[in-house]
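Each of the two complexes below includes subunit A, the first together with subunit B, the second together with subunit C.
And now, the complex of A and B:
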């Protein structure tokens, strides 16, 4: 195998696939990137068995072939090479690569390409077409709410409900739920849903183009394959039954408040400085024309903030985790938000004002 | 001055069974394990002990020694109930009670007359529970426990300071706490069989053979023990476990067992007003390899359903699929949670109900 390519192209391609490299696997070869030179391009692949990323860089291929090289060294070395052309000669028998540029030469020991796991071919009965920006937004507005601990594996993923005219996403860690949907023409005929790992969605969000450019997904039983620009991304599907989030949304609320998102966020953020420990509890007290946000930690102090708000209903007092409120508020994408409260022991709904495409359900903190 | 009282119920589990079922009185009752199987004896009545049956002995061995024995399953909740009744009597009589196990406690009568208190406790236990306890009264915990052991069953032994040497010196060393068969064997090899011989043994030699425990043993050999009563000993963990009468590999059976433990532990936590942060499943395989899997929860839990759910998950994290001889569930990390509790959705219940646990 022998090829030459521009340093900038190689760096970009390596950094794209590197996110799927793992050093935690029992398979040492997965700490590497599979490089295949063929047809005037260099294809790069990395996988950690949950996700895999494939992309390519333009190259002048003098002799086709393939090798696996350790991602960390290749990435660090390529970034430090002056821009210009790098050539690479691989001895496939010994799995060694010789990198040459200007008057430098490096030898890197790799693995034979046959040791790299075969990636499943793109496969999936259901096709989805969606703009990169729409999918990115859906992920950004929900994925923060997935569970970080794996007591219930399905909660470490987000639920995607896909129908020809709507893609909706639910994410929950059992304490709060984030929901968002996008409407459009997404292709396909039937409706279906799939649970994708939160981590995979985070990586996908980074890879998606931020524009109207359509990307294509193939949804199968075990994996979902995305193609965005020159990058191919595959993720494992989480097997299991996702909780019915719609069933826990309250039907009636005892009080509501509408306030400016920025004002409320800033006040909540300040008050939570006094409540850093544990659940970061803040008390919300609805009063006529405003809402009072307070917090207190023994030995540290207390905080009291007042934010102008339109309030209706009973003068309730409910405690919430400041973190859950702020994470929800940061993704409402709206100047004003509405908080609907049904009591100190019941779920509250938080949603943007003037938009129907997202909401958050947040459970309060109960005080004994 | 004798001032610590040790109360120890006689053959507790078996005595409860004989009390509840008068037809078993006078018969060799063996609690734990079944005749045809491989469980372990939990408690043997004194009638059964005459045949050589002992606790922790294999049920099969017990069956061989005592073929006419009545084998009964462990009724934990019933024993817990009698235990609570017994402890309540102790707390009624004195302020300082240190429960050691379900059927054993130390009392410190403070300025009161220890012998009189002990006598009252003994007769109240008999009257109110219908069971007998052996009582030891002595200057410290070690001697009080020794005294109750010496009088078993239905004993009442007082060791006054002037009696200590007379009682202690002729005793075999294995009567000292911490001397098991192995240490007793080591000491026997040095020609040390009795407490008297231990006392007069060469300290250097003892140090060589027993290491750091030598000093502690010598203090006990002199009847010295200055451990105070641990009155407010916190409950650090609660556990339920069982040794199967026949080894089990079927995961459904194991889950079923864990679910009943979850119910039992939830009941015990509720009674004690506790919530746990950490849940542990313990398993022992036929080759005695013991493995455990733990999960620390983001918030304290106390409901049987939650415990069972986590227990299932922990069980599934034990990869080895061989037959198990023992399975157990433990809860710990009490009182670690904040008093403010982040509520959690109970998706299983649906309809906006939330699961918090009280």
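And now, the complex of A and C:
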């Protein structure tokens, strides 16, 4: 195998796939990147068994072939060499690569390509087309709420509900629920749902183009394949039944408040500084024309904030975890938000005003 | 009803009530008599409910004349006139002890003075002499008390359980033994040897014998002196802290006493700042003060003394504590063994303030040659301790605890995780290793267990169903209510299933799922219920909730910010050094230890 390519192209490609490289696997070859030179292209692949990323860089291929090179060294070296052309000669028998640029030459020991696990071919019964930006936003507005404890594996993922005109995402760690949807023409005939790992969605979010450019997904029984630009991304699917989040949404509310997102967020943030670490509890008190946010910790002190708000219903007083409120507020994507409260021990709904494309279910902290 | 002067027996019984309240006070009086007799070995035997007490000493013994006098009120060998009261340096002086005991028990004394071939005995019942005469006896004195309070049933009824009374009596021997490391004590209770001290004169050795290795290695010794007065402090590291003050005490002129504010003043000098949550370290103060500064004639049992105005006692006590704390800096690991301060060092030698004057000859001790009332007017200077002031007991390896306690946990630099179970940190004293499980247990325990303010319970969006083992389910059934009080709201969910609806707000978070938390609590419940048996199942459950919360299990990888966060949370704990089960959360491997291991020392 022998090829030459521009340093910038190589750096970019390596950095793209490197997110799927794992050093924790018992399989040492997974700490490497599979490089395949063919058809005036260098293809790069990395996988950690949960996700895999594949991309390519333009290259002048003199002799096709493949090798696995340790990601860490390749990445570090490529970043440090001057821009310009880098050529690479590989002795596939001994799995050694010789990198040459200007008057330098480096030898890097790798693995034979056959040791790298075969990636499953892209397959899937259901096709989905969505703009990169829309999918990114859906992930950004929900993925923070997935659980990081694998006791209940389904909760470490987010639920994607896909229908021809709507893609909706639910994420919950059991303590709160984040929901967002996007409307459009997404192709396909039927509706289906799939649970994708939160971590995979996080990586996908980084790879997706921030534009109207359409990306393509193939949804299969145990994997989902995405293609965005020149990057192919595959993630495994989490098996199981996702909890019915819709059942948690209260049917009616005893009080509502509408306020400026920024003002409320800032006030909440300040008040929570006084709250006990770990709980970050703030009290919300609905009053005529405003909302009072307070917190108190015996050893630290107390805080009281007042934010202008339109309130309706009963003058309720409810405690919440400031963290859950703030995380929800940051992703309403709206100047004004609405908080609908159904009581001091019942779910509350937080949503943007003027848009129906997202909501959060936050649960109060019950005090006796 | 006309007024009469009470007969002698009644008077004796009344007086006895003041001196002899319970078995422990009998032990105290008898041991003090033995110490006044210059004993080097004292044996105390307690039987029954503490109503049978035998104290044997190898002291100077009594002549037959003294023997018959000693059971009479105000018969004492220790003072002669009222003026002597100002200069009391012996333990006893009122001449009340033996008659008081004799009035409320059956008493037998056997004694043989040194140099005499024959012994004598006297038997007294309820104050009446039953028998006297020659009797075989080892040199010294044996006082045998039986049927204590047999003739004062009311007093007897006020006694606590036999166990409690025995424990008090043993505690009294302990106090006396600690004050006199130069005397070998042995104490048997119900036929079991419960206490013995070597009598070699070393405070730390004595403490080691009394409190055990675990405690003794955490204790530091310090002293301070001015002309005429001296204080030695045995000070425990924060590991010895307890909620009560049972391991604190003051001795003045070898007499266990309580002086208002003295121990508190010493504790205020404790270098690790105010111990939050009102925890008290082991702190024993052994002071020798000019007798004229100490008014012991306040309380018949001499338990409470009053100090003269302007006494240096308070300042000295604080200084001794500071010295003890500084000692760990002075004490090189190698040279501390056996360098303990000796008894003679502190008392300024027993011949000055010690109560060791032989009976039969009242010894007047004056400070310097100045007129009475000007204590310490100058000529005598205190001998300096043979060792350096302040040493730690070197047992096995040099205890690193002191260096550790001085460590500011929040200032540690986390280096990384070891075996996914421990955190290695760079600290000023060396390598600090944190047990993440224990540390986290402590953090959660304090969050929950502090219990002053309930953190509230986070309602779950998605209630968590968990299938319990039959054992866990049984425990859940028993504890459901208490769990709910702690913020863990659960309900039965068919079979052995339980649905978790709310969990303590402290524990809510994406990192911790409610299910293993509940299972952990229930598992812990079994241990805790056993451990906390006398405290009741309620507390057990609460503590179980707390310790359950060991949510970051060993073998859970933690990332950088999580390491730092755990450290800072631990640092903010009131008692960061132990997990709720008493295991250490943090250990320190000192630079010295590292150097030694690498053969560089």
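Worth pointing out:
Quick note on the criterion: the second predicted complex is superposed on the first by the 366 of 368 C-alpha atoms of A that agree within 3 Å, B and C clash if a C-alpha of one lies under 4 Å from a C-alpha of the other, contacts with A are read in each partner's own complex, and residues count from 1 in each chain.
Methods note: a contact is a pair of C-beta atoms (placed from the backbone, for glycine too) under 8 Å apart; a residue touches a chain by one contact, two chains touch by 3 or more.
If you're wondering where the values come from, they're calculated on a predicted model, not measured in any experiment.
Aligning the two structures on subunit A places subunit B and subunit C in a clash.
Legend: residue contacts after superposition of the two complexes on their common chain; A:363 is shown touching both subunit B and subunit C.
Of the two partner chains placed around the shared chain by superposition, neither subunit B nor subunit C is touched by A:93.
In the superposition on chain A, contact of A:146 is made with subunit C only, not with subunit B. For subunit A, the partner touching the most residues, choosing from subunit B and subunit C, is C. After overlaying the two complexes on the shared chain, residue contacts for A:279 are found with subunit B and with subunit C alike.
When both complexes are overlaid on chain A, the residue A:319 reaches subunit B and subunit C alike.
Contacts of A:250 after superposition: subunit B is touched, whereas subunit C is not reached.
Within the superposed three-chain model, A:175 lies in touch with subunit B and with subunit C [touch as defined at top]. Of the two partner chains placed by the overlay, subunit B and subunit C both lie in contact with A:345. After superposition on chain A, the stretch of subunit C that runs into subunit B among 170-178, 224-232, 242-250 or 548-556 is 548-556.
Within subunit A, the residues touched by subunit B in the first complex and by subunit C in the second are 149, 151, 172, 174-175, 177, 243, 245, 248, 278-279, 281, 319, 321, 345-347, 363-368. Here subunit A touches subunit B in the complex through residues 149, 151, 172, 174-175, 177, 243-245, 247-251, 278-279, 281, 319, 321, 345-347, 363-368, going by the rule given at the top.
Residues 145-149, 151-152, 155, 172-177, 243, 245, 248, 276-279, 281, 297-298, 319, 321, 345-347, 361, 363-368 of subunit A touch subunit C in their complex. Taken together, the subunit B residues at the contact with subunit A in this complex read 295, 297-298, 310, 313, 338-345, 347, 350-354, 356. For subunit C in complex with subunit A, the residues that touch the partner chain are 447, 452-462, 464, 502, 505-506, 508-516, 569, 572.
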